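First the structure, which I've put down as structure tokens, then a few questions once you've had a look.
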Amino acid sequence: MQKGIIHYGIGDSIDTYMYIKSSTKAVASNGKPFLTLILSDKTGEIEAKLWDVSEDDEKSFASEKAVKIMGEIQNYRGRSQLKIRNIRLTTDLDAINISDLIQTAPIGQEEMMGKITQYIFEMRNPNIQRITRHLLKKYQSEFITFPAATKNHHEFLSGLAYHVVSMLDLAKAIAGLYPKLNKDLLYAGVILHDLGKVMELSGPVSTVYTVEGNLLGHITIMVSEISKAADELGIDGEEIMILKHLVLSHHGKAEWGSPKPPLVMEAEVLHYIDNIDAKINMMDRALERVKPGEFTERVFALENRSFYKPQL
Amino acid sequence: MQKGIIHYGIGDSIDTYMYIKSSTKAVASNGKPFLTLILSDKTGEIEAKLWDVSEDDEKSFASEKAVKIMGEIQNYRGRSQLKIRNIRLTTDLDAINISDLIQTAPIGQEEMMGKITQYIFEMRNPNIQRITRHLLKKYQSEFITFPAATKNHHEFLSGLAYHVVSMLDLAKAIAGLYPKLNKDLLYAGVILHDLGKVMELSGPVSTVYTVEGNLLGHITIMVSEISKAADELGIDGEEIMILKHLVLSHHGKAEWGSPKPPLVMEAEVLHYIDNIDAKINMMDRALERVKPGEFTERVFALENRSFYKPQL
Amino acid sequence: MQKGIIHYGIGDSIDTYMYIKSSTKAVASNGKPFLTLILSDKTGEIEAKLWDVSEDDEKSFASEKAVKIMGEIQNYRGRSQLKIRNIRLTTDLDAINISDLIQTAPIGQEEMMGKITQYIFEMRNPNIQRITRHLLKKYQSEFITFPAATKNHHEFLSGLAYHVVSMLDLAKAIAGLYPKLNKDLLYAGVILHDLGKVMELSGPVSTVYTVEGNLLGHITIMVSEISKAADELGIDGEEIMILKHLVLSHHGKAEWGSPKPPLVMEAEVLHYIDNIDAKINMMDRALERVKPGEFTERVFALENRSFYKPQL
Amino acid sequence: MQKGIIHYGIGDSIDTYMYIKSSTKAVASNGKPFLTLILSDKTGEIEAKLWDVSEDDEKSFASEKAVKIMGEIQNYRGRSQLKIRNIRLTTDLDAINISDLIQTAPIGQEEMMGKITQYIFEMRNPNIQRITRHLLKKYQSEFITFPAATKNHHEFLSGLAYHVVSMLDLAKAIAGLYPKLNKDLLYAGVILHDLGKVMELSGPVSTVYTVEGNLLGHITIMVSEISKAADELGIDGEEIMILKHLVLSHHGKAEWGSPKPPLVMEAEVLHYIDNIDAKINMMDRALERVKPGEFTERVFALENRSFYKPQL
Amino acid sequence: MQKGIIHYGIGDSIDTYMYIKSSTKAVASNGKPFLTLILSDKTGEIEAKLWDVSEDDEKSFASEKAVKIMGEIQNYRGRSQLKIRNIRLTTDLDAINISDLIQTAPIGQEEMMGKITQYIFEMRNPNIQRITRHLLKKYQSEFITFPAATKNHHEFLSGLAYHVVSMLDLAKAIAGLYPKLNKDLLYAGVILHDLGKVMELSGPVSTVYTVEGNLLGHITIMVSEISKAADELGIDGEEIMILKHLVLSHHGKAEWGSPKPPLVMEAEVLHYIDNIDAKINMMDRALERVKPGEFTERVFALENRSFYKPQL
Amino acid sequence: MQKGIIHYGIGDSIDTYMYIKSSTKAVASNGKPFLTLILSDKTGEIEAKLWDVSEDDEKSFASEKAVKIMGEIQNYRGRSQLKIRNIRLTTDLDAINISDLIQTAPIGQEEMMGKITQYIFEMRNPNIQRITRHLLKKYQSEFITFPAATKNHHEFLSGLAYHVVSMLDLAKAIAGLYPKLNKDLLYAGVILHDLGKVMELSGPVSTVYTVEGNLLGHITIMVSEISKAADELGIDGEEIMILKHLVLSHHGKAEWGSPKPPLVMEAEVLHYIDNIDAKINMMDRALERVKPGEFTERVFALENRSFYKPQL
């Protein structure tokens, strides 16, 4: 039986299937070419070096391939590195599906779409509901597979949709406790806030920023999309301006990329919900890798803190 | 029938009972003494000047007295000020209870204690439960009447307990969605995090900082109290250290008064919950004073933002 | 012959025509209503109090009226204030045009439009040219009368157009010295960068922020407008993305309201040009009010500096 | 005759006794295990690699052992590294005492305790005197051997006590010049300010942070200890609060770990004294390693400055 | 017998001699001119209004005059203000010397010059000694009367010399404890560090910044003076560069006005000494005005802190 | 035909002449010495390792030598590195001039001096003209060969003069558009602002900071030089103070090394001009290395941004 890569420690041997997230060629000090591979399975990833590669090796062990691999985990400059003993591409006989090797959301895509559809159904303001449904439908195929980010949090297949579903549940719980909050705005804000990432990022795997993503960013892209959707649907009320503001301000502060801070209560709460779900996701994954009584590795996006796992 | 002071505008006449929150003597440009009164009712407060006062007036219209007052609301340098036509102390005939004039929590003290007791009852770790119960009992009488702060949020009678009850409900909702969170730590953290305020602040009304509050602060005071409680109860496990850490780190960052940032997941979440409840309270009260389509006054503790109330 | 208000000092008498920029009612310590007037002419503005006003006075001396006024300049708490001796509304007999009392650009509207049209004419890239012409035409009537801001710089009638014209000349000079700069992008960036202000601000005089201006801001508004224009004109090339980026990044840094910093050389240069023209305008106007050998008043938007006027 | 390690340069051969401060195993690119040793003597430390180690080597050359070593100093990526020619554990025949290889305070432990005892003896306020004596006695054995920090300043055996003794002398000198300073508070503040480090740190050598040190910190630990001492001694006056405040505020600012800034004159001066002694210690040690006319290495804790040693 | 102005409280009557530090004319709401006087004696200062003044009054009660005054201390907007009952210029009969009414250093000018001369005498490096003596002599008459600043600390007659004398004593004490410090550099640094203030400031009383002070500052002025002195004395060694660096870096950080941070140990220590003497002076004077158990007014230059005076 | 080093990519072979900017010896893991060479030609530079060097090699391949070199460009840890196949010193037969291998200003030294002389000639104020001419003449030989900095911008032979010439042209263009600017001050400010670099830096090639440069900096050095020049020329007017202020404030802010911010309009504009020319130079050179549609490497001195080269 197979445990995931994050559960192996220095000195352990592995013999398993993995996915090549990236493969980069360089030349060693002996003048021979080698590949630096980032290998992943459902639980995490590890770096490996493949020495003295031929041109064939280079083509075979390229990014987005599945491989059968044997080797040991070693300490290299304080980080784990996999020393490869044996590596080959998988064949049909291995009966391995790439989706088995890629980290993905813990809920299925259909179940997630079902939940989101239900939240849209619960909206009472028809304009908010129509805009949200229109935009989700327009980008649904990307939305349901893209990660929420290239690193830090929810950086896995369907991470974006999973982040949205978790946030919707959180929005519902908070709105239940503070009844003055407008649920329609909160739900629409959650669904649309990161939808621009389907244009900011390159795709569901091996994800990088697009040129448009670099020059404009998902916030600005999405605000223009809301304008366009409103024009197409012939909707012209304050809802449009508030929805744009929700998307625009969801990073909370100018220095975090929101040219306007939240100036509507639901925008402020949307920022909290986004923050909580992203950060619990990060802490959760860092803590998963350590035992009670230990500290995690430093988490850059959490002010470089190292978290303690109590022994309670 | 009586509407509250925050619902009156410039030019309105009032004829009502109010409470003197503070009374300060000064000398006018004509050389005669006058009093600056801060008058409140359940909804808010207003400044008033009482001109040409005698020594008797000064004694009568002192802080923490209830008065019957007539006058008009005027614009004074951009702020509302009550121009007093007539003022007198209340008598038994007025049948006015001071508690009717003081802003207080929207839930009764007994109901709040009942809810908190229930949360303590639900704790599974006996050490956490005993420490929490011990400390709450020790300071219960102050806890149930003190405000949560002298200004900004929950700055009213029983504001501290009300803030704790809201946070407990929020903690329960969030822990329901992220099952790795330890509820015992979250609930104990919520109940203890601001309990040191019963020593940092002077009392339930006309609240100011004590010398100890200024020199040590509620966080440090409470951490020492947890040490003491653990000694008295003979408890000596990791729970004590974690509870101290929860209290210590709940302001989130060194520059906000926490010498250590949250380094335990529940500590981080406690900081979020505290923040959300305090800030929604602030926004709520600012928005209550304006009509849809208007912006609130600037809220200093929310980065001086002015919030918009949508017309949806 | 008439010199402007900024050239009068403490103790001087005035007898002139002025424009009421704003009129606010309040109640004096004697219980009687009075008006605080902000009066302007082409050179600047001054505060005045009109005491013991009747309801008629209040209606007469309202905002956006022209008046004939006599009085003296006095020192009130360190600032100049006009003590009114006599005030009346102007009549046809005065032969005073409101435009004679309002600060405005030093070049005529037609001349400015002529210069801008010429710059658009010089563009070589037809897509950039068409987008720029389309958007300028769409908002030309507001563009030619609006100020560039509510305060700080170019806060006068046609200030926006004047700022654009000055920036175009500066762009041309700089592009002449650094030939790798793309003039089309620079000129289009200059013309479009602040065009969203026609929606962010309320109008050419007594200018305040609109709700949309507060919640979205002129940068975001304009980026959506460029999207829309491109759709309407059927243009779909990299030009659109770069034009959006120019507008988006022209404030230079996230904390100054640009969610993306300039990432294209012309965007960086556009930011410099905007900055130089705005700041020279501010210094110029502050220095105009002092004599050689003196320091100006502190200029808030220039890091609160007080500038020295050399005696050379 | 033997000069210390910091006096050797690139290219020098050494043949000397050293102490293994730490020993970390890793795997080389040839697949064989090697050890990274941090070796020290009284003057400083150097890194060395021990290649192709056996399991026996690994056990022998572990942390906190003394060794006889021969080799050369080499330049490795800009830093000095010792290339080992020969290494063996010391035996009784070497007549080497570990304390001869460990950096330690320049004054003996007894002399230091004598000086501190004298300062306590000079205190006039019996409460301050009793608290200070009680706490020092309680933790004396750790206090006299611990370093003052894991790096930056006084990071050697008995560094904590040496830092305290230097600060006491400095406190006496300053109090002599500014007679309004209360010497009792200054002396007690100096003695107690870092005493919590005996719980924050793991021990006198190979020092790391304890879990309690990470989650609570020496400041908070010590404030609780003062509470406890006061309870045990039955002391209950303002002295207790001021002593806690001195400890609490000695880092000077919230962002440096003091939840309250100094609000008592002696607390402010304690912060200066701590700062001066720590920083002169750091500069001194950096300057010791260079010749007149040279700059030191960058000192991270002194804003990364590189100091010049004048040729005067 | 006469106590000083800082020892009077709200409601007290005074009948004493005072010095007019500044006198500013303005017009009251009744249209009549009045003077705002800042009155001082040796202990401090107070504001007073002189109403309905004639042109003669204006000339009489001008800045830098001594007056006999009667009145009461009142609370005006939270600050003390003197209500004048009677005021007249002093005559020969009053036998009052202006120096009796001006705050000045607690040590005489001759004694201060004697101490400084002794410190120069103790220097061993003849170049440092000659430069220091030359520059002190050149500006001695201003040095001995100027304040050290226009506000914040040592802002009184001979404050600059007094600050230097205190710092010299402190330098001697610290150099005694850390023997690696070069006393010549420390003493010369102390004597020269603020000597440029004799050109930066306008004079010993009613002190303001000169134009040169505003545009260049005392640090830059003094560095050029050291260059000039070295040329004149024909000295050309490393001493000159180090002395310039000591002056240049004594504010400690670029953002505090030192274009280079201290990069020589004595420069760093000079910065500490300057800081300690200035800040103890500020705290001392704030604490002098309150009773044990009270907090001082907020001290702006000490991060706006309010200090507590213990009851010990 | 020869293209420059920046135009070669990973995998390319080169066979060309290059200049050794620096040569550093170290010991490889096999115990043998090797050299790290920084090689340059007119277009840029590249790192190379020369393995197993003899003492002769070390002497031959020292800094500031010209070599004939063959090898391939490889990827080493993400950066380009030249793998040396063959290297030899150039001989007379190669007919290679070192100046052909060193990056230098695109305009000749004489042409640059001619332009600057013309600008000085155009000055109308004789004092400004004489000071400027005097100082330029005094340091002309260094001025015309030094770089403007050791890295970031204009870090090539004659870079300082080229930066000044570009800034003069820019100053002229801007002064033409804003006629209130004093051209004499602008031109003199441009010519003098960085002239202190001839003492701050070590020389025209292999440039490092001098001790004086580290301890005083070019700004302070130049201000003293202006003092001295004024003394020597017997000039004593406000011009001197303003010229010093222009040099002093040209970094714009205290934290950027200007102890006074610009307080004269021409000083502010000088800061803009310096900034624009330096930053366009940096962007230009980064963009030169990439193709349209690509992003540049991150440019540290431009807030670590990576710039996009449009495909227009």
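A, B, C, D, E and F label the chains in the order they appear, each numbered from 1.
Simple rule for what comes next: contacts are C-beta pairs under 8 Å (C-beta built on N, C-alpha and C of every residue); 3 or more make two chains touch, one makes a residue touch a chain.
Keep in mind the model is a prediction, meaning the values are calculated, not measured.
Undergrad: Determine the set of chains touching chain A that also touch chain E.
TA: In this structure, the chains that contact chain E and also chain A are B, C, D, F.
Undergrad: Among the remaining chains, which ones contact both chain D and chain E?
TA: Common contact partners of chain D and chain E, which must touch each of the two, are B, F.
Undergrad: More than half of D-E's contact pairs recur, by residue number, in one of E-F, C-F or B-C. Which one?
TA: Overlap exceeds half of the contact pairs only for C-F.
Undergrad: If you tally the C-beta contacts for C-E and for A-C, which one comes out higher?
TA: Of the two interfaces, C-E and A-C, more C-beta pairs touch across A-C.
Undergrad: How would you label the chain D and chain F contact, same or different, if same means the shared numbers make up over half of all numbers there?
TA: Because under half of the interface numbers appear in both copies, chain F and chain D meet with different residues.
Undergrad: What is the distance, in whole Å, between the centres of chain A and chain F, each centre taken as the mean of its C-alpha atoms?
TA: From the centre of chain A to the centre of chain F is 44 Å.
Undergrad: With centres defined as the mean C-alpha position, give me the chain B-chain F separation in Å.
TA: About 61 Å, centre to centre.
Undergrad: Please output the residue numbers of chain A that touch at least 2 other chains, ranges allowed.
TA: 211, 214-215, 242, 263-264, 295, 308
Undergrad: Could you list each pair of chains that touch one another?
TA: Here the touching pairs of chains are A-B, A-C, A-D, A-F, B-C, B-D, B-E, C-E, C-F, D-E, D-F, E-F.
Undergrad: Show me the residue ranges of chain C that touch chain E in the complex, using the header's touch definition.
TA: 74-77, 83, 293, 295, 308
Undergrad: For the complex, which residues does chain F have touching chain D?
TA: Those residues of chain F that touch chain D are 25-27, 31, 211, 214-215.
Undergrad: If we count contacts the way the header does, which residues on chain C are in touch with chain F in the complex?
TA: Against chain F, the touching part of chain C is residues 125, 166, 169-170, 173-174, 176-178, 180, 182, 184-185, 238-239, 242, 261-265, 268-269, 272, 275-276, 279-280, 283-284, 287, 295, 302-303, 305-308, 310-312.
Undergrad: Which part of chain E faces chain F closely enough to touch in the complex?
TA: Touch list, chain E to chain F: 211-212, 214-217, 219-220, 223-224, 227-228, 231, 241-242, 244-245, 248, 254-260, 263-264.
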